[in-house]
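So that we are looking at the same thing, I have put the structure below in structure tokens.
Labels for the chains are A, B, C, D, E, F, G and H, by order of writing; each one numbers its residues from 1.
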Amino acid sequence: GDVRLDLDRERRCGYPEVIYAPGKSVEALVQTFQRLLTERQNGLATRCSSEQISALQAQVPEAIVNTVARTVRWNRAEPESGKVAVVAAGTSDRPIAEEAVETLRWMNVSVDLVMDVGVAGPQRFLQEKHRLEGAGAVVVVAGMEGALPSVVAGWVACPVIAVPTSVGYGASFGGLTALLGMLNSCAANVAVVNIDAGFKGGYLAGMIARQTIQ
Amino acid sequence: GDVRLDLDRERRCGYPEVIYAPGKSVEALVQTFQRLLTERQNGLATRCSSEQISALQAQVPEAIVNTVARTVRWNRAEPESGKVAVVAAGTSDRPIAEEAVETLRWMNVSVDLVMDVGVAGPQRFLQEKHRLEGAGAVVVVAGMEGALPSVVAGWVACPVIAVPTSVGYGASFGGLTALLGMLNSCAANVAVVNIDAGFKGGYLAGMIARQTIQ
Amino acid sequence: GDVRLDLDRERRCGYPEVIYAPGKSVEALVQTFQRLLTERQNGLATRCSSEQISALQAQVPEAIVNTVARTVRWNRAEPESGKVAVVAAGTSDRPIAEEAVETLRWMNVSVDLVMDVGVAGPQRFLQEKHRLEGAGAVVVVAGMEGALPSVVAGWVACPVIAVPTSVGYGASFGGLTALLGMLNSCAANVAVVNIDAGFKGGYLAGMIARQTIQ
Amino acid sequence: GDVRLDLDRERRCGYPEVIYAPGKSVEALVQTFQRLLTERQNGLATRCSSEQISALQAQVPEAIVNTVARTVRWNRAEPESGKVAVVAAGTSDRPIAEEAVETLRWMNVSVDLVMDVGVAGPQRFLQEKHRLEGAGAVVVVAGMEGALPSVVAGWVACPVIAVPTSVGYGASFGGLTALLGMLNSCAANVAVVNIDAGFKGGYLAGMIARQTIQ
Amino acid sequence: GDVRLDLDRERRCGYPEVIYAPGKSVEALVQTFQRLLTERQNGLATRCSSEQISALQAQVPEAIVNTVARTVRWNRAEPESGKVAVVAAGTSDRPIAEEAVETLRWMNVSVDLVMDVGVAGPQRFLQEKHRLEGAGAVVVVAGMEGALPSVVAGWVACPVIAVPTSVGYGASFGGLTALLGMLNSCAANVAVVNIDAGFKGGYLAGMIARQTIQ
Amino acid sequence: GDVRLDLDRERRCGYPEVIYAPGKSVEALVQTFQRLLTERQNGLATRCSSEQISALQAQVPEAIVNTVARTVRWNRAEPESGKVAVVAAGTSDRPIAEEAVETLRWMNVSVDLVMDVGVAGPQRFLQEKHRLEGAGAVVVVAGMEGALPSVVAGWVACPVIAVPTSVGYGASFGGLTALLGMLNSCAANVAVVNIDAGFKGGYLAGMIARQTIQ
Amino acid sequence: GDVRLDLDRERRCGYPEVIYAPGKSVEALVQTFQRLLTERQNGLATRCSSEQISALQAQVPEAIVNTVARTVRWNRAEPESGKVAVVAAGTSDRPIAEEAVETLRWMNVSVDLVMDVGVAGPQRFLQEKHRLEGAGAVVVVAGMEGALPSVVAGWVACPVIAVPTSVGYGASFGGLTALLGMLNSCAANVAVVNIDAGFKGGYLAGMIARQTIQ
Amino acid sequence: GDVRLDLDRERRCGYPEVIYAPGKSVEALVQTFQRLLTERQNGLATRCSSEQISALQAQVPEAIVNTVARTVRWNRAEPESGKVAVVAAGTSDRPIAEEAVETLRWMNVSVDLVMDVGVAGPQRFLQEKHRLEGAGAVVVVAGMEGALPSVVAGWVACPVIAVPTSVGYGASFGGLTALLGMLNSCAANVAVVNIDAGFKGGYLAGMIARQTIQ
């Protein structure tokens, strides 16, 4: 087929190639997933349509589906190592936050999801702050003005990976406002990934947390 | 001369016309200021150049100059009424914050300036929060990601006028990022004015505070 | 469930938390609304879908629906206090203007809606101008070039909250042109909220009007 | 030299080629101007630097200079025909308004300049409105939110040529906000030219007014 | 009802108010149209949906429909006066060009539509150029790079009203590229209206042509 | 030093590495140039400051300077092969056009520069069109609306490399308008390079022309 | 009908006019195609809808359809001349790459398609690099960050035509990011066409390759 | 004074507050620096002007200056821990790369600077690739199209912090193109900071590398 699967990636970069589902035929997707299983490489497909999810569930019984995150994954049994907290501003940011969570599970990293602690109710995050202790990295997922990463970053001593979301309306411009806000964060420990890139946020945080001395 | 001074504005809108200095000749500026004095209307000139400030100081001895704010004003003696807090994120935002402060003094509104309480050091604002009590409105001045108004707004029960500043670099785009962030604030009580518009921020806050039942 | 309702908001900020409906399940929405009723806090849900409106009507009989504004609200019986005028440029701006009106009703503020007085027919606003007398704040709702707030602001002595709408075509860019125009208003008493943010416009105006000495 | 002067333009388009001075050497400029004089075609140079103006004054004694407009022109003696009003919002818009005025004089069109009638003081334009009677076209010059053309257009029965200026600060983005506002004018009789394009505004208005039945 | 019809517009501006159909209910639209008929003012509705067109056809038998232009109009019998040429670059620009044509018919101005003469085949316009002779104004409708107005303007001695269209793909950005190109035209006699604003293009050209000495 | 000169480039890509002068110290520049001479590789430095030009002239006597183009070059003696025409819209585009010309001379390609044939005077290009015959590629340099490449491309049977320039004002946005116009050209044989990229335009045209069968 | 077919284009520009299908009626499309066949000019229609493809297949039996590329073409029998490589970054870029391939087949140029060699797996392109040898031009098709053309260009001695695609999400802005990246390529031999413009990429590469000395 | 130094930051976030010099008076700067020394907290000032550097050198003899990076720092003697590679595309990116290097020295992290390995000469990075072995994080600094991080990321198994620079011209838009390219990187291990944010790039990489198990 057309897909040139990079089976050497795990050796070179630490993790196998991840499948970005949009634009791929159901057949190509299932075949690629099965190929990874045969090679005993952990498989993860992101941004799957309902149709793609159904096909994978039917033909790859080992696959673990998360319909909110729109992901399908399969993991070799392995003990968890490293710890990441995923913090989300509002309930509408949940799908992106869950994509980060699923990516971390696929990496066998321990993950805690802290939901609905946006800045409009400032006491909410202060009450949950303790759950970030011991994390090697924190993923912060937020739309609208994207202020949450700055607020979180001031309380922790580890890297914060900020994931802007397209949640918002009007001058949020599909996540551009949140993205710009995060890039201009006055906190020094904030790095940013693409709009709605829950996968990248989880991946980077997992990579950092796994190599952290505990 | 060319300037068509709107002397009826005080009756119609509550305050006299304010002079926006850029592009005005020194002569026109001095003449306009003297005209207001003669009419016993409070005079305020904003965005003055050093040259304009010197000329006004020399020829209008009653004028009060603020070189940080780049303003010149003259007020009828009148007791203060209403209270506003002006909160600024960083020391670089000071000139814009001072423009708001001077505008409030010109309106005879009581004003308290809280400096350098940006979100990167989250405990700093929490320590000063009490100074906002009793204010009829709060002006929040911030550049970079513009997150401070959201954070302040969650703790007060009065309107917050957010003033984005052009302070920042790179993707701050001359204040655009702060402006967009403030417009998308998840707090309901935040309204926004133009980038670097300290005058407008002070004016609106003063208008609100003066009519507040205390 | 997932929603972390901020029940302390009324004490801290003067009004309870408002529910932004998009992305919320019908169950979560109904449950949150009922929770507020139980706590006897005034409830307001904005941007509701038809499906969400039907469910709330069926399960919360006290709820008052406005299908143009797409809002559902419930109020404790309380006398009105303060007065706001909501001014809209064209008939297409009506849904956003109504969202502001409903917000003000939920706040128990007296409100007068002045429709279809855009600048293309300049005599139309002049004929209705008298209806703004006595208002503690004015909300001006307009799309296209967003010139109406500047025009209104020159005739009143109170704050004007400008709400740009996404009404227009071509280079109106979904409300961006109106937003920019309002931010650059040469009138000093104009503050701006997000595109289509009828709720915020009403909320700020209500907050100002309620604290106004009459 | 390098300049390929289009001497046939007057026959083809009604008026000779106009010289856009930036980037032209003083020698090339003087030479081109003298060439037009020799051919007895009306000459107009726009956006001249002080150095270019001095050279033209020294070497072309017939030249008429306007230092505010930064133009130099020469006209064949001819009676005026047609009438245009040039309306400017603020004193800072004067240089662009004067460029339009000079262009109209070069076309031998009668012109009336109405200054400082911006929308912040709405009664100012109403007082001067009568000066637009009998005009075949109106040029409206404004920066900031660019609302003046919409306001003027509602009172006249002839085309309005809107000239946005780069006057403003913050989110005026060098005139972009005024430009967008004017393009989205809800008045049907408003056409727009480039930012600061006083020449084009005057040229089009002059073309229209000269062919008007009086 | 809600619509505040400006019946004085014809006296003040030369033509009655035109109905912009989007967002108007079928009832309001029909009622407004009938009202104009009763007052014997020429009626024009633009951007009508199929549903709106059917309703107007059924209930206003005098109405003249153009389904390509999506307009409905009614005219008092009157001889034509003035002449305009409407020039369109490609076949995809036809609906906008037809909107201009219908507007001109509603104004009783003589109109000639020159189609498919875009710059990619340069000899095509040269062959049709003669059809522009005697026009008081030319409307040029083009998408993509929007070069056609510059090319046309160099051959005529009357104003060119450029109408950018949203025809194109990729970096045409919904007509923004054509709009910017037209605003920066190196030809002096080009004024611009909003993207896809066929009505405005026709209206301005008609206004100019009707007042032209022939 | 710091500069890692890619001496293998000529073998790999057909031409040696070219030196982009901005940000390089005078010493580094001279040294790199001398190194190329020693290796007998043709040297070209673009965007040189006056200071850099003086130093190169003083220390590399073989160097050929073009102060309009701001280039310095050195060529091995070699017969010319291939032919390119460089067409420029206005005299202000000359520096960029000359950069293309110098690049072609450095490549030993025959070049003809056709100046000041912008679309405002349409007959000018038609008169010079014959000079493009036999060219293997044409470089078209234009600012403002960037319409010239479309116009030229319709008359030739070879690739057109369009170079947008930053010449213009207002909504030309430093060449962005010209760039977008050229990318959206309705002519199929137009490819585009960066704003003011005279070097790239010349380089690509030279590459094409040299490999052309004559 | 309305379509003004430019039958002289083949003589003037080397290839006949190509049909851009969007917005054309099925009848007009079929008729134009048949007209070209009758004139024995090679026919190519791009961006065809399924409906348009079916109609052409039914009524023009000689037509060759590519449903991935959404093209229909017809060629005179002719030996191939020149060679082009089309390189695509990911499987989602395939439709645009195939549009380029079909264009090259219509031009009778030999073409090799190299798929899925994006920069994330750097060894993939290095393994296929040899397939570019002997090409007169290379077309590189990529979305997201658009880095592939720079990488490819460093290894070849012929022009690279870069085609940005709208593949990506978030801050890819419908291909704008890829477009800008390609325009700023640090490689000298990269020219760029519009977003998703597979036709233009193929056309330019074919034009160059056919005239290449082999 | 005005500066509210956050002396608790080291305990809370791992490192002391860093001084962003622009807009600070020389006195305030020196005083803040001396205060940190007295508290025996490591001091770092970034973006210093020449005047600020001279003053710090004169009054704080322990200070270590880097004039290319425009930084001043002071460190407690401490053994290095962790390893970071800083990779820069071109010589013009050096100041930003050096800012990252100085930040890492201030954090007592071992650092290796790999210069001038941009993608235009692809073999250059391949030759230096081995120097990245053992790094806990890599900082990649690049302007123009910003392709280097994607290329580097494919070869390493640790996080890559991408720093876009404002190096480039034309459509590089002051670093925006590089920023967007990096955000859209098809490599999963790339996070991004603000344009020219060498400090942030170094800080995040240092934080990651110091906590890496070696």
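One rule holds in what follows: contacts are C-beta pairs under 8 Å (C-beta built on N, C-alpha and C of every residue); 3 or more make two chains touch, one makes a residue touch a chain.
Since the structure is predicted, the reported quantities are computational estimates derived from the model, not experimental observations.
Greatest centre-to-centre distance from subunit G is found for B, with centres as Cα means. Averaging C-alpha coordinates per chain places the centre of subunit G 43 Å away from that of subunit H. In this assembly, the C-alpha centroid of subunit C lies 46 Å from the C-alpha centroid of subunit H.
Centroid to centroid, with C-alpha atoms defining each point, subunit F and subunit G lie 26 Å apart.
Of all residues in subunit E, those that touch two or more other chains are 120-121, 153-155, 170-172, 176, 179, 183-184, 188, 194. Interface note: chains touch in the pairs A-B, A-C, A-G, A-H, B-C, B-D, B-H, C-D, C-E, D-E, D-F, E-F, E-G, F-G, F-H, G-H. Taken together, the subunit D residues at the contact with subunit B in this complex read 91-92, 94, 115-117, 120-121, 123-124, 167, 169-172.
Subunit H meets subunit B in the complex at residues 2-4, 6, 8-9, 17, 22-24, 28, 164, 166, 174-176, 179, 194-197. Put simply, subunit D touches subunit E in their complex at residues 12-15, 18, 136, 153-159, 161, 179, 183-184, 188-194, 199-200, 203-204, 207-208, 211-213.
Interface residues of subunit H facing subunit G in the complex, by the touch rule stated above, are 89-90, 118-122, 144-147, 150-151, 153-155, 168, 170-173, 176-178, 180-188.
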